[in-house]
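Shared chain: chain A. Partners: chain B in the first complex, chain C in the second.
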Partner chain A sequence: MATTGQALRPARAAAPLLAPATLVVAVMLVAPLLLVLRFSLDRYDPTELMIETVTGANYLRFAADPFYRAVLRTTLGVAVACTVLCLLLGVPIGYRLARMRGRWKTACVLATVLPLVVGSTVRAVGWMILFARGGVIDATLRGLTGHGLELMYTTTAVVSGIVSINLPFVILTVQSAIETIDAELEEAAQSLGAAPGRAFWRVVWPLALPGITVAAILCFILAMNAYATPYLLGGPRFQMMAPLLFWEFGTNNNWPFASALALVLMTTTLVLTAAGNLLIPRRYRI
Partner chain B sequence: MRDTIRLARRGLLASAAVLPFAATRPAAAEEGQVVIATWGGDYANLLRGNVDEPILAPEHLTVVQDVGDEDPRMAKMFAQRRLPRGSDDVVCLQAVRAHEANQAGLLEPLDATKVPNLAHVLPNLRTSFYGPHIYSPQVIIYNPDKVPDPPKTFTDLLDAKWKGRVGVGDINYFYVMMAAALSATGDANKVDAPETQALASKLNGNGLRLYPSTDSIGAGVKSGEIDVGLMWLARVIMWQNAGIPVKANFLPEGNVLYLSGMVVPKNAGNKPGAFEYLNAMLEPAAQQAFAAKMGYLPTVDNAKLTGKVGQQLAFPDPAPKLVVPDYDITGKLQGPTSEWWKKNIQHG
Partner chain C sequence: MSRLTLDRLGKRYGDAMAADSVSLDIPQGEMVVLLGPSGCGKTTTLRMVAGFVTPTSGDVLLDGRSILRLPPHRREMGLVFQNYALFPHLSVARNVAFGLEMRGTPRPEREAQVQRMLELARLEALAERLPRALSGGQQQRVALVRALAIQPRVLLLDEPLSNLDAALRAEVGRDIRLLQREAGLTTVMVTHDQDEAMAMADRLVLMRDGRVQQTGTQEDLYERPANPFVAGFIGRSTVLRGTLHATMHGGDVFATGGGTLLLAGRYAADGACTVALRPERLRLAPPGEAGPGSAAGTVELASYLGAVREHLVRLGPELRLVVRDPTAGNTRLHAPGDAVAVRWDAGAERVFDAADAQLPFLHPEPIAPDTLGTRMTSDA
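And now, the complex of A and B:
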């Protein structure tokens, strides 16, 4: 008991050190969110912008209109597809990176991190050059087969763009999770007769699951909220929540409805993230 | 007491709402400084090279450009409407957005006593709150290398031979709808008429390509993605100068004018400076420079165009029908039309 008390004392002493960060988060994150919540209950008026009231009309409008529900479905579909693709590509790469040694490891980690140095918009422009009519892919295929391939303004373009942005985050998160798992555990499993694949699946995978879950959550959240990539690579006809939200906010000046869309997007993301976490066995949950 | 609390709460909310835009000028902004919220790129460079430096710098008026898109500029004006002092003195807006802002009571009235050059503004472009800067008629554009027999009217674009070959700018949706309204009803203001919407939907059904920006339409013509489209005449001239194969046809049913200009918010910090700015941009030399570099027509009667520019911008004979929409009507239809476009054309 005395030991517990002694352990708590330094923790209590350190608590004031958290105060500035807590204050910053409260002011810069919670307060704006509360403001967005308040705006979402207002009524839009073309000349007054917002009329202060308390109404759920903006949320009802979203729920009742098949167009907005379809946009949310598209957003979810893209986010899930990107998350699955990033995990399929990122877990093997992360595992390999974690088990690498020496100069090659440094070079490969650098190569993974390098795309993060370039902003997502600039990367999207790079994809545009690849995907556009007369772009690298179209021109190459046209030269080889006589038939081009236009990928701009398609779901493929958007998913490719988002995967390219999110993949480094997944790889690095998975790598750091696997690095904490002692390689000797795998060797022990193999010395007891487990094939490498079985050793990975029965030993590494369960232990890495919390880290892989974090990677998936990170990827899913980033994909749900993607703005520049769907806007640039999807074009005007490809509707996702973030560009739609900005259209309502900027073009229509409908702040109450844009606020409601923002909260619907945020709530959906949070609920699905929590639900996804529930699918993981309890002992491996984060 | 209850009212006081309500007002205080509203004030707090309004203040919090403008926090993102709080990088405002110091309360006592220098009298010799004017802040203009404008588009970037060529437009901003031409303002700097033909208005800010040659006309206003000698008058000891320093110009600060607040570069960005039009939508955030509008949002900023709305957000700052209750502040005693906004962050911008001059705001560049298309005419339809300026009327929208005026209907919301955000704009300072303007006349020739404040801005003397307003007396030279063409009569059909005059209003009591807007400094029209440049204008250009919307025309049918086509690639002369691939289209020997170009479409002449809006309804010609519905021909199956143009399936997937017609492109418009998504951000120019309101002008496309006005062109459809002119064709369907004879009145550019009837963008919400069922006939207009049916015509626009038919165009969409013919494989209409939507481009996210005006420049990307030029790229679409250059790459061969589209052969035909709707665009301002000014852009055609810019693209021709850039070597893109494109020509224009005036629409016999009428050509809606794209009109861009400047307004002064009611809470501008330096209104005398703002009026001086508007006066400078209406000077003949500045107007002629915009015509030469961007292909837009002068909005004043004392800026004559000569030489190559004069030839490029000369209207054919007989003169095309130029249509100035009733912006008081279209300003109210902006929101509903945007909603309709989003659901039926973008998502159609």
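And now, the complex of A and C:
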């Protein structure tokens, strides 16, 4: 009894300290979410806008209309492609960075972080200059081969744009995960007969897996919710969830349907993140 | 199972030589210990043998064949690290099996070998544990048998005992020595701890600033140090720099730090030189005692260390000697301030000329160890 009381005391003492933070989270996160949930059950009327009721019509509309299902599919496809590409590029770079020493390392980390200083909108404009008709890539190819290549408003453009934004996050997350793995473990593996590549797969990869999972989840969530990049590089016909729901919310003033879209997007992201985590061997899960 | 030869091996980093023409020939089954203070190049040398550092000059030969072109994973060297470097995500048994898996050893053979190795390390009961559930000593035993499991041609040990506490150090050190000798493994160990080195080695290599100072048995390095650094490092001699004045009879006079020592021997030199005195071969005598091998002073510090008593004796403003005598002897612990004479025989002193080469005795002849023993007891 006495021990229980003692064990409880620190928890009780911490309660007043935790209360403000808990309150902020409740007010700023949970309350708006509940509000969005409530809105999504309302009915939309072009003249009266939002009519308070409880209906599943918004969700039914989403499920029934092939257009919206296609938007969700595109969003998922882009997010998965971006995540795979970011891992393919980010894991080797993160590994090299983690094993670097001294001044070069500082320079390379800086070079990785620096693009983040430029906002995603400005970066998208940069890509537009590259991809547009008569842009850098198009003009160069036309000059060289006679055939231009127009990438603007294509999946390639959107995926390139999102990858360029997400890659630094993936690299830095992977780097910090690999830095906790002693380089001597690789040397030990090599001395036991594993070629460097094999030593990586047998020792570094499984140990870095939790960190790589975090990187993948981060990248997936960012890609699912990308707004500026698909809007600017995908154009009006390349539809992803975030721009679509903002259009419903801002231009159509259809808050109930926008809320339903927001919840569908959030739920899909959460479910897929959890499912992805299940694919990983239990002891490496986060 | 091989003869390992280092031929003028060198590694240059910018202007600094991390290792400078290190030459060494290790016959099959011998255990050589590279010893020296940190930054002396011993670890660099070991890593060049393992293949993780590319030498800038010289060669590494295994049975007369250069292995420099072989990457680490094809050198077949068992490597044991200071912090064990066990794979934290694999069980003890999987750790030990790792090298065999990499070699594609068939499963039944592999399992039998792992079992043999675990028995060797007395770890059968812990086979399925993860490394972090093991004590330091157990982890290092796993690391050792993991390296032995692949039946390496050479065993390389990088400070294998440094992370263990004193009691475990002796135990794991014995394990390493027994397993190494049983397997007849050519072995190179690196350490900064001279007691560890003395206890483990067949032969010692003392290094400083990337260069080999002396190679030889424990006795070679202790009794016949090649230079003042060796004399000072092995057995922690008191090393004094000063001026030697030759005399016609008795011992030479050595002046340093505001005091003088009457040496036990005579040497063919005059002027600047270095004298190294072994604390455990000095003894305290009543004040006033003089003759070859003596100096007069005052006790500054006295400690009883169990097996020995240690006195710090002040002979001059800048001149102090450490005297260590066994408590089993018939002497007593002096109090600070006591006036004493320090006495020694020729076996306690080593004299080096200005170029750090050891000077031979002229007179008297070195005293045989047995007479030395009787003299010490009769004096006390």
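By definition in this document, the second predicted complex is superposed on the first by the 270 of 286 C-alpha atoms of A that agree within 3 Å, B and C clash if a C-alpha of one lies under 4 Å from a C-alpha of the other, contacts with A are read in each partner's own complex, and residues count from 1 in each chain.
Just so we're on the same page, contacts are C-beta pairs under 8 Å (C-beta built on N, C-alpha and C of every residue); 3 or more make two chains touch, one makes a residue touch a chain.
Keep in mind it's a predicted model, so treat the numbers as computed, not measured.
Engineer: With everything superposed onto chain A, say whether chain B and chain C fit together or clash.
Structural biologist: fit
Engineer: Counting only touches as set out at the top, which of chain B and chain C does A:133 meet: first, second, both, neither?
Structural biologist: After superposition on chain A, A:133 lies in contact with chain B alone.
Engineer: Contacts for A:188 in the overlay, against chain B (first) and chain C (second): which applies, first, second, both or neither?
Structural biologist: It touches chain C, and chain B stays clear.
Engineer: After superposing on chain A, what angle in degrees do the C-alpha centres of chain B and chain C form at the C-alpha centre of chain A, to the nearest 10?
Structural biologist: Result: 150 degrees, to the nearest ten.
Engineer: Between chain B and chain C, pick out the one touching the greater number of residues of chain A.
Structural biologist: The partner that reaches more residues of chain A in the superposed model: B.
Engineer: For A:253, is the partner it touches chain B (first), chain C (second), both, or none of the two (neither)?
Structural biologist: So A:253 only meets chain B here.
Engineer: Please work out whether A:196 is in contact with chain B alone, chain C alone, both, or neither, and reply first, second, both or neither.
Structural biologist: In the superposition, A:196 contacts chain C only.
Engineer: Once the structures are superposed on A, label A:208 by its partner contacts, choosing first (chain B), second (chain C), both or neither.
Structural biologist: Once the two structures are laid over each other on A, A:208 reaches no partner at all.
Engineer: Quick check on the superposed pair: does A:49 touch chain B, chain C, both, or neither? Answer first, second, both or neither.
Structural biologist: first
Engineer: Looking at the overlay, does A:76 come into contact with chain B only (first), chain C only (second), both, or neither?
Structural biologist: neither
Engineer: After superposing the two complexes on chain A, what is the shortest C-alpha distance between chain B and chain C, in Å?
Structural biologist: The answer for the closest chain B-chain C C-alpha pair is 49 Å.
Engineer: Can you list the residues of chain A that meet both chain B and chain C?
Structural biologist: No residue of chain A touches both chain B and chain C.
Engineer: Would you mind writing out the residues of chain A in touch with chain C in their complex?
Structural biologist: Listed in rising order, the residues are 182, 184-185, 187-196, 198-199, 202-203, 206-207, 283.
Engineer: Going by the contact rule set out above, which residues of chain C touch chain A in the complex?
Structural biologist: Checking each residue of chain C against chain A gives 50-52, 71-79, 81, 83, 85-89, 98-99, 102-103, 143, 146-147, 150, 156.
Engineer: List the residues on chain B that touch chain A in their complex, please.
Structural biologist: Checking each residue of chain B against chain A gives 6, 10, 13, 16-17, 19, 69, 71-72, 74-75, 78, 81, 100, 103-105, 170, 210-212, 219-220, 223-225, 332, 335, 338-339, 342-343, 346-347.
Engineer: Which bits of chain A are touching chain B when the two form their complex?
Structural biologist: Touch list, chain A to chain B: 31-32, 35, 38-39, 46-49, 52, 67, 70, 132-134, 150, 231-232, 235-237, 239, 244, 247, 249-255.
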